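Two complexes, one shared chain (chain A), two partners (chain B, chain C).
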Partner chain A sequence: MLEYRVEIALWAISGVIPFFMLNIWTNNNLNESINISDVMLSRYFLCAFFVRQFSVVWVVFSFEEDSLMGKVSPYLIQPLNPFFRYFAQHLAEQITRFPFALIIVFFFFIFNPESIWIPNLGLLLLSIVSTFLSFLIQFLIQSIVACLCFWTEKASSIERLLFIPTLFLSGLLAPVVSFPSYVKSWIYLTPFPYLIDFPANLLSGNETNISGGLSMQILWISLLFPLFKKIWSEGTKKYTAMGS
Partner chain B sequence: MVQNIIDVRNLSKSFDISSKEPGLKGTIKHFFRRQTKSLKVIKDISFKIKAGEIVGFLGANGAGKTTILKMLCGLIYPSEGSILVSGYLPFRRKENFLKNITLIMGQKQQLIWDLPPIESFYLNASIYDLDKFEAKKRIKKLSEMLEIDEELFIPVRKLSLGQRMKSELLAALIHEPNILFLDEPTLGLDINAQRNLRKFLQKYNRETNATICLTSHYMKDITSLCKRVICVHEGAISYDGKLDLLLKKLSPVKEISIVCRSEDDAIKLENSGFTVKNKIKNEITIKIENNSITSSLKTILNNFDIVDLFINEPPIDEIIGKVLIKKDYDI
Partner chain C sequence: MKLRKYLKVYKKFLHTSLASELEYKTNILIDLITAILSLIGSIFLLSIFFQNNGYIGGWKFEQALIIQGIYTILNGITNTWFNPNLTEIVKHIREGTLDYVLLKPIDNQFFISLKKINPSGFLEIILGFFLLFFCIRINQINLNLSFLTLSLITISCSICILYSLWFFISTTTIWFVKTWNAIEVLRSFLYIGRFPLNSFSFSLRIFFSIFIPIAFITTIPSEVFLGLSQLWKILLEVVVASVFLITSRKFWLFALKFYSSASS
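And then the complex of A and B:
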């Protein structure tokens, strides 16, 4: 069991990009250009870390491996879409990650006591909802890409292409507010800022358009879900059950 | 009258296969101008299976047996023709259809590797809408039939292949399906485990009247479970009928080894009109047609001084081997 605990701890630690970015931002006083105080910026990146912990998705890799090895076959003849299994696995792992994420938050506050704050209960609940919606968007995007396995066999390569805009436009490296206005207006039309930036701003108490953000999250889910269903239904007709 | 539970008509399946020449040149060529061709792996086959039947699909590697099973259970989409299984079109994968079938592949597993099998059983039970009480009852019943109990609580990765296969069966049968598709279920199992699995399948078929479609390269699986076989040769059906008829047709004579009291008796027997295969001193081997075996043996025992006698059945693998390389068997 020890190796599993270590694996989960490493997974949690592997999501510390926001802390590196916080260091870069504060050491170079970059926050001054966007009128965010040091404290608010550190809270933002802490929340970005937290949101990332509970919205990270790897279904494309699991499905690709299972599909190429023929492991999907037994699941396909059960009265449950195989993606529910991956969905449940993600939720289970999120629960397992929670204590490790709390430990990291604890150490963050020890080194940054000025950043300690108690979030407003209403905002906390909304940010939990928003983080879950962010997880759903990412899960649907990756599931759609994963279904391309039925045609290309190497869907994870396409996912890597998506990783670039996810990294830069989601708010993981920089709050979206720091982008030039003309770029920002375009970014907000994509699903990316609703993955990290919006829930992290909500949780950290930064000013954000709550109803607009939640509506955009729901809109993206309602666009992606039928697309997933269509691509799944077409893809399974192409399934050759190779490897089994 | 027993109804047909599986009805297959003019079924065909083609796959697009790409080929690549070896070496760097071949790789570059493959990258820029991939050559694909359509390969018809199942060619216009038709058959019907009645409820409660156990049917064995025989064929050489790549003949198309597994592809047929995959289409019957709805895993892959047919290119042409129609399939009706239990009144459903399998590839539509309707919930009620999926609740009625199961597919077991000898080399693939659905159990969660790091957890004890009991966890997978309860997961499957909830997928098939069984309440906890019913699931517990079925797990108990099936684990008794399969003779596994302690293994239910040991992580799958620590189980032997035989224990894992039994657990796979339990997981696949927890919803008590009416139709079982078994693709080489005894693959890799030792002789005792194979025998136990066959006994279990016979019992399951007897108790539930389930229809079983089976592929196996172990002839013992076929002979002890299936009265009917469908032989597949290069994607087409070369024989569909009773197994014993096929065996009689392919092996019309039996060899009898006889140990006579003296060499003189052996010589007398050699000259008495039987077809002699060989003779060494007082031991003689003769060939007798299946339909005259009783009368011939009576004659031999009454007229010659016999010390010992053996009837040699031709090895079933050899007989079936003939089927696998022949295109058509008209019996």
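And then the complex of A and C:
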């Protein structure tokens, strides 16, 4: 992983969209309508950036490539689910990304010194846990999509479709509090607000329902995991190596 | 004579790449749904921004929709032509197949920029045009000849700038080999083209008009639509577009001197 330092730095930079959004919010005083101060809002978007950095998942693209290239066959012989391999890759890259993300945070604080804060230890630990749970939810969803590779060759277009609601509803571009009420009435039942909005609110110290959020995350994982196991066992039965 | 030859070659390109893309028909359907959802999502996001007082950087919601429409068209063009071709450059260079491209008796920039086509981007272009027509109605814009020519000029300049930016980044592959992530950075920067330039702070505005001229790409054509644009801005866009096109071409020719094929 350390071989690709420049890549990972660029990858970290490509996550800066939350900062552009923050710029629009503060520059047009949009926070007046949702009762969040400028400082809290900038902390929110900074945390959204951070949570996103540590919950990005791309397993479907790796799996699609491996499956098209026929690399999945040797993995299947091994006595370990190949998704563990991807899981380990993701974790390794997150660790490598940590220093780059810190550098970006450092620059953020230089430009916005008033928003410096130190989260209290309990909340910090809870937000790390919830970020990891958010990563798990996304990893499971994408693994399920990746298993569709067994039926169609290009599962990545389904992933691109699922990415749209993730982008707009997860709170990466605008905090979920600011959504109109006709969306807020149902959005908390979907997994999306727990991907970024909930961990970011925890970390930034904004108001949020801690036990409700964590239990929803765990609920979604316990729903998705059996589904993944089912689709995986169905898919491997269906599997015929490419070119055979 | 030369032009005829290039047109003929391009027709062949279209034919082969369409044939290969239509192999994945369900994919195209999924891409259509993705494009529609993505447009709905951006309008939803925009409506959140306008909840407060109905203005963002001096633009009304109906006016900001024009920017959205132009962005959708340009994004469709990117997905149809720029993205499939210029990501191919990365592959050509990594695997050394650029050699074959260079040996062909045809301009290599032409070949690598237009070889492939992704038809699902068309749907986005059509969606963008629908949105634009809708905006023309709700903003009561008069369609006349000077408006049409000016908007055509500015939009084609935007396409040129966009193409040059993509081509420029893809060219750097010759030195860095892996530029997927640089393309990702460009994509995320282009994202701000969905919003009026005036809604950003002064320093970001400067950054996005001088270093990466995303400001020119959507805001100036939208101002033309609203009849707000001054002549100097349009002229400036033409100048910027031609400078970008020429430098990206020069840069490509310069970079080719450093190309040493794979594994050599």
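Criterion: the second predicted complex is superposed on the first by the 239 of 244 C-alpha atoms of A that agree within 3 Å, B and C clash if a C-alpha of one lies under 4 Å from a C-alpha of the other, contacts with A are read in each partner's own complex, and residues count from 1 in each chain.
The criterion applied here is as follows: contacts are C-beta pairs under 8 Å (C-beta built on N, C-alpha and C of every residue); 3 or more make two chains touch, one makes a residue touch a chain.
The structure presented is a predicted model; accordingly, all values stated were derived computationally and were not measured.
When the shared chain is aligned, chain C comes close enough to touch A:Gly15, but chain B does not.
Contacts of A:Leu173 after superposition: chain C is touched, whereas chain B is not reached. When the two complexes are overlaid on their common chain A, residue A:Ile77 makes contact with chain B while staying clear of chain C. In the superposed model, A:Leu125 makes contact with neither chain B nor chain C. Of the two partners chain B and chain C, more chain A residues are in touch with C.
Looking at the shared chain after the overlay, A:Tyr239 reaches chain B, while chain C stays out of its contact range. Once both structures are placed on chain A, chain A residues 4 are touched by chain B and, in the other complex, by chain C.
Those residues of chain B that touch chain A in the complex are listed here as 15, 70, 73-77, 91, 93, 95, 98-99, 101-103, 105, 107-110, 114, 124, 127-128, 172.
Here chain A touches chain C in the complex through residues 4, 6-8, 10-11, 13-17, 20, 23-24, 26-30, 32-33, 152-154, 157-158, 160-161, 164-165, 167-168, 173-174, 178-180, 183, going by the rule given at the top. Taken together, the chain C residues at the contact with chain A in this complex read 24, 26-27, 30-31, 33-34, 37-38, 41-42, 44-45, 47-49, 51-52, 55-57, 176, 178, 180-182, 184-185, 187-188, 191-192, 195, 199-201, 204. Chain A contributes residues 4, 70-71, 73-80, 236-241, 244 to its touches with chain B in the complex.
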